[in-house]
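Take a look at the structure set out below.
Read from first to last, the chains carry the letters A, B and C; within each, the first residue is number 1.
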Amino acid sequence: MAEYLSQLTSVSPCLHTSTPSDEEDYDKHIRDLITYLQQPNRPSELSSVSGYLLDNLDPYLHSLSYLSVLHFKIQSVQGDNKTRLSKQVCPGGELWIKAVRLLRGFDPFQIRYAGHEWRQLIELVIQAAQAVSKPLLAVSVVRDAMLRLDPSSEVLTSVHTAFMRLTLIARSYSLALPILERHICHFPTLTGQAYQKYHQPTLCGEHESSMTFLTDGSGFSKKLTYRDHLQFFLYGAMIYMALRKWDRALHYLSIVISCPVTNTVSKIMVEGYKKWVLVSLLGRGMLVSHPHLASSHVIRAYKALAKPYTLLADAFEKCDFQRIEVEVNAARSIWHADNNIGLVQQVMCAFSKRMTLRLGMTFSALTLADVAQQASHRPTSLNEVESLVASLVMSGALNAVMLHSHNDDDKTTMVRFCSTVELRCFQEHDTREQIVQDSQLLDVVGRSILYANRGLELSNENFLFLQKSMRWSDNPEKGSARALDELASGIDIEEDIMGDTH
Amino acid sequence: MDLPPLSKDQLSAVLTSSRSPTELFNTLVEYEYEACLKSTPNSNESELLSLFYSTFFFAHLLTDQIYEARAMTQRMPQDLAQTDPSLQNCLILLRAVWQRKYESVYKILRELPWPDRLRPAVESYETYFQEKTLREVSRAYEAIRPAAAANYLGLDTAAAEQGDPAIIQKFTAVGWTWDGNKKLLHPKPLPPALGKDVRLYDEVSEIMALVGKYGG
Amino acid sequence: MDSMPPDAFESHPPSPYAGQIPGVINADLESLNGAVVSTSPFVKVDDPPKFELESYIANYIGRTKFNRLFLIGSCSTYLSVEALKAAIVEAKSSKDVSRYERAVRALAEVAPYEAEAMLDKEWVDRTRKVVKAETDRLEHELRGYKNNLIKESIRMGNEDLGQHYHQIGDLLSASKAYSRMRDYCTTPSHIASMLFKIIHVAIERGDWLSVQSHVQRLRNLQSKQEDQAKNQPKMSAALGLSQLHSGAYQEAANSFLSTDPSLGDSYNEVLTSNDVAVYGGLCALASMDRNELQRRVLDNSSFRNFLELEPHIRRAISFFCNSKFRPCLEILESYQNDYLLDVHLQRHVSTLYTRIRTKSIQQYVVPFSRVTLDSMSKVFASRASSGQAQPIDSKSPFVQELIGLIQDGTLEARIDLEKMVLVSNQADLRTDVQTAVLESLSSYVKEAHIRLLRTNIIRAGLEVRQLSDERKQSHTGSGAKHPRPPTGMLQ
C-alpha cells in the first residue's frame, strides 16, 4: 500500500514561477503518472485499497491521483449499474463526501489532464443530488469546481448546461450568477487544426485563456450540439427572469433567438422567442425591436409559431386592457402548455404600472383621482391607487413625488412628476453601476474577440484561403514588378531629356 | 468547508458576530449545504433547521433580496415549512413585504411569536425596514399627513393624527419640518445609502480623469 | 385613363374622413352624378349660410351649377326647397334626364306638395328621345369621318360626341370620347383643349388621379408662351382641387397660391376666384406656420387679388399671423356652414378645421414655458363652456383635447393639474445625450457579444440544423462552413 502511495504522490503542484523547461519537466512527470494509472490492472489494485489511499492523499497536492483512485473506486462500487446509485455515492455517503472534498479543493492544473474523469465525477454528483431530491447539495459544489477549473468561465461546456438546469431545479437562482456574470463567449477549441501540431502549449502552464485546455478532445465537455448552447442561454435567461433582472434576461434571450441557423429553427429558439416577447413587455413596457442579427425568415417563423404572444404584445402596446384580458383568456391553455402562465400574469400586473408610468409623459402633476381615472382600467378605490403609486415611487420605478393636502375633509393627494433635471442626482449611482457593468462585458468581449481573431487566422480554412489567393496573385504580381521596372526606366529617360534641355 | 458544524449555538454566534448583513448572508449561504444535507423526513433536527431557515430568510430580507427569499422559501424542506410555526410566520411576513403592506409588516414583526434565538434578526430587520421605508418616504413625499407617515413607519397612527409631539419629534429629528397650521409634515430627502461600492466609484473616476485629460 | 371604373367607388361607403386619406378618391361627386344614389347625405346643415343662394349660384356656369345646387339642396335644411327648385330648373334646361329625376326625387322628400315635385313625364320622354337621336347621329357622323380618314373631322366628331355625352351626364363615355381625340390632334392648342376637357370631366367624376396626370401633361406641352400664360391659372386651380381632395393640403395650398389672378371668371364651369381664395386660404392655414403664412399668403401680391374677394379669409389669416387665435377661429367657425355647403370643401372642412385648431394651440404654446390652462381655454375652449366660466378641471373637454394632443405627440408639453398650467417640455440636452450614450454603449456591447457568439457557434459547427443534416455534416463536412476539416490538410 505504501508503495502505491509513493507512486501516487510523485506529482505535486508545481510552483508557477518556473521557467518553460521546468513546465515541460512537470508535464512529463504528470504524463508518467497517467501512464502508470492507465496500466490495465491498476483499477482493481487501487480500488481495493482506496480507503487507505484516499485518506492519505491530499486532494489538492495529489489531485490527479486522488481523482483516479476515487474514480476507480466508484466504478467498482457502481459496477455496470448506471441508474441506481449506491448508497456510498449518495449525499452523506462515504464516497460523496470524498467527491465533494476533491471538487472543492483540487489543483486546477493537474486536473486538466483528467477531463473525462472530472466531468464524470461532476455528473455523478449532480445525479446523486437529484436522486435524493436535494439538487441544492450539488449546486455550490459544482459551481465552485467549475470556477476552480476555469475562473474566467468563458468556454461553454456540457457541464455549464447541466449546471444551469440544476440551479433551476434547485431554485437557487442567485447561486448561478457568478457563472452567468462571467459571460460565455467561446466553445471548446477544435483540435486538429494544423498549427496546433507546431504550437502545442503544455497543459499545465499558465495560459491567458482557458481555451487552451478546454478543447473538444479534453473531455471536460461532452460533444456539444446546438441544443446545449441554446439551452444554456435559455436557462440563463430563466434564472434572470426569476430574479426579475429583465434586461439581462432579454440579452440572453436575444442570444437564443439570433442563433445562426441553416434552413430550420430550433424549438428552443421558438420557446426563447415567446419568453422574449413577454420579457420585453415586462422590462421595457413595450415590444422592443428584434435583434437585427436574426434573419427575417427566422423572425417570420417565430411570428407564425407564437401568434398568441404577438397578439398579447400588440394589445399591451395599444394600452387596451380589455383586449389584453381577451387575449390572455383565449390562449390560457397555450400559456399553460408553454409554462409561461406566470410571466403572462406578471404582464397583466405590469399593465397598470405601465399606464401610471405613461402618465408622466402627459402630466407634470395631477391628483390621485385623476390617476385613477386616467390609468386604471377598472374602478379602484383611491387607497388602492395611492398604494400603487406610492409603491412605484418608493421603489424608484416612477420619478415623482406625492403631496398630501392639508385639508382634513378633502383628502386629495397630488402626484408631481419630476423633470429630468431634478433626477440627475438619483441617477448618478445607477449610471455608474451601468457603466461598470457594461465595461465588464466589454472587457470580456474585447478580449474574446482578440482570441477569436487569432483562432480564425490560424485555422485551416484561412490557410487554404491564403494559399489560394497567393496562387491567384502569382502572375499579376510578376506583371506589376515588370511594370515597376518600366516605370523606373521611364523616369530615367525623362531625366535625360531634362538634362538635354538644360 | 472549514466552517464549524451547524448548530443552534453556532447560528446565534454567527448572527451576533456578523458585522454586516452581507457577511451574515454569505456565511449562511455556506451553511445551506449542511442544512440541506441534514434535512430528512422525521429528522430530530427540525428545531435547528427551522432556526436556520428562518435566520437565513431574515438574512435575505436584510440584504434586500426579496425574490431570492421567495425562492428560498420554496426550496426549504416543505414538510417542515408547513408545520413549523416560525417558518409559517416567515411566509406571512414575506407576503406582507412583497405586497408592501406596511402596517402588517410591523404587526407581524412585533406581535407574532418569534423564537428567542431569532429575536436579534427580527429586531434588526424591523430597524432596517423602518430606515429603508423612511428613506423611501422622504423621497416619495413632499408633504405627508402625520398619520400616513406613522403608518409607513409603524408608529401609532391615532396619536400621530392628533399631532402627538413625541411622534412628530421623531420625524423632525431626521430633518423633516412640521407645519402645525396645516398639520402636514414636509419630508427632506435623505441621501441614499451609498459608499458601499467604492470600487464602482474608483473605476469611473479614473475614466473621468482620463476624459478630463485627453478629452479637452 | 379610365383604369378606375365608377363601380369601384361604390364599395366605399361615404365616410366623413375618407377625404383625409390620400389616394382614396371621393365618392361625393360620383354620387351626385348618378352612379351612386346616396339617399342620406352625410352632412346636415340646419343654420342658414351667410351667402345668398341666387347670387352665389349665378357665379357658376355649366354642370357644376346643378351639382352645387343639388348638394345645397340635400344638405341644408334651410335652403333645401329653394336650391332643389333651382336645380330642377337647371336640369330641365339641359339634356340630362337622370339628374332631373334625382332632383325631383329629392324635392319630393322635403316638400312633396310643391308643384315641381311632380315628375314631368312628358319632358323626360321627349328629352330621352332627343338625346337618343342625337347620340345616334353623332356616332354615325363619327363613323363616316373615320371612313374618310380625315383627321380633323375625326377629332371634331369625337369632340362633339364627348360634349354630348358630357351634357347628358354620361361622364365615362364623355371621358372616353375625349381621350379618343388624342390621336387626331395636330396642334398644341388642340391638345390643350382636349386635356382641359378631360380634366373637366375628371373633376366632375372625382377622378383626382386623372386630374393630376392630365395637368402634368398640360404642363409638359410645348406651346406658345401666351397660351401657357393663359392656361396656367386653370391648371393650377385644377391641380389644387385634386390635391385638396387627396388630402395633400400643403401642396394644395401651394397650387392655389400660385394661381394667377387672371383666372377671373374664366373657369366658372369648375370654380370661381372666390373659391380659390377660400380653398387656398384654408389649406394654407391648415398647413403653414405663422411666418410662412405672412410671407407666402399675406405678402403675396398676386394672391391678394383673390383674398380681396373673400376678406374674412384674409382677416382670419392675419389674425393667425398676429397670434390672435380666438378671432381667427371665430371667423372660421362662423363660415363653417358655408363651407359645409361647398361641393369641394364639404368633406374636408372638419379635417382642415381640426388642423388649424391644433396648429393654433401649438403656435400659442411656443413662446411659453408654462401657460395657465385658464388663459388657454379662454382662447380655445368652445364658447358654450367658457361662457359659463366654470372652473376647468381634468374632465373639461378642453383639457381632454390637450391630453389627446400630448399623447399623440402633437404637443411637446405636460399638464400640471395642481397649478393648472401647461408646462412645455424642456429638452435637457445633457441628460438626453448621457442617456443616449449609455444606451448605445450597452447595445453596442450586447451586439458585439451576440456577434462573437455567432461567429464562434459557426466556427464550432453548432448552428441549428436539421437532424438529417447534422448526420450528413459530421460525415462529409460539406458546405462552406464545414467545422471539422480533416487534419493535416496543409501537408
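We take it that a contact is a pair of C-beta atoms (placed from the backbone, for glycine too) under 8 Å apart; a residue touches a chain by one contact, two chains touch by 3 or more.
All values derive from a computational prediction rather than experimental measurement.
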Touch-network distance, chain B to chain C, counted in steps: 2
Of all other chains, the one whose Cα centre sits farthest from chain C: B
Distance-to-centre winner among chains (Cα means, whole assembly as reference): A
Selected pair, greater C-beta contact count between A-B and A-C: A-C
Separation of mean Cα positions, chain C and chain B [Å, integer]: 66
Interchain centroid distance [CA atoms averaged], chain A/chain C, Å: 58
Cα-centroid distance, chain A relative to chain B, in whole angstrom: 31
Chain B, residues touching no fewer than two other chains: none
Touching two or more other chains - residues of chain A: 403, 416, 435
Residue list for chain C, restricted to those that touch at least two other chains: none
In the complex, chain A residues that touch chain C: 183-188, 190, 192-194, 197, 224-226, 228-230, 251, 254-255, 258-266, 269, 291, 293, 360-367, 370, 373-374, 403, 414, 416-417, 419-421, 423-424, 427, 431, 434-435, 438, 441-442, 445, 448-449, 452, 455-456, 459-461, 463-464, 467
In the complex, chain A residues that touch chain B: 91-92, 100-101, 104, 134, 136-137, 140-141, 170-175, 242-244, 387, 390-391, 393-395, 400-406, 408, 411, 416, 426, 429, 432-433, 435-436, 439
Complex contact set, residues of chain B against chain A: 1, 29-30, 32-33, 36-37, 39, 65, 67-68, 71-72, 74-75, 100, 133, 136-137, 139-145, 148, 179, 181-184, 192, 194, 197, 199-201, 203-204, 207
Chain C residues touching chain A - in the complex, by the definition given at the top: 394-395, 403, 406-407, 414-419, 423, 426, 428, 431, 434, 438, 441-442, 445-460, 462-466, 469-470, 483-491
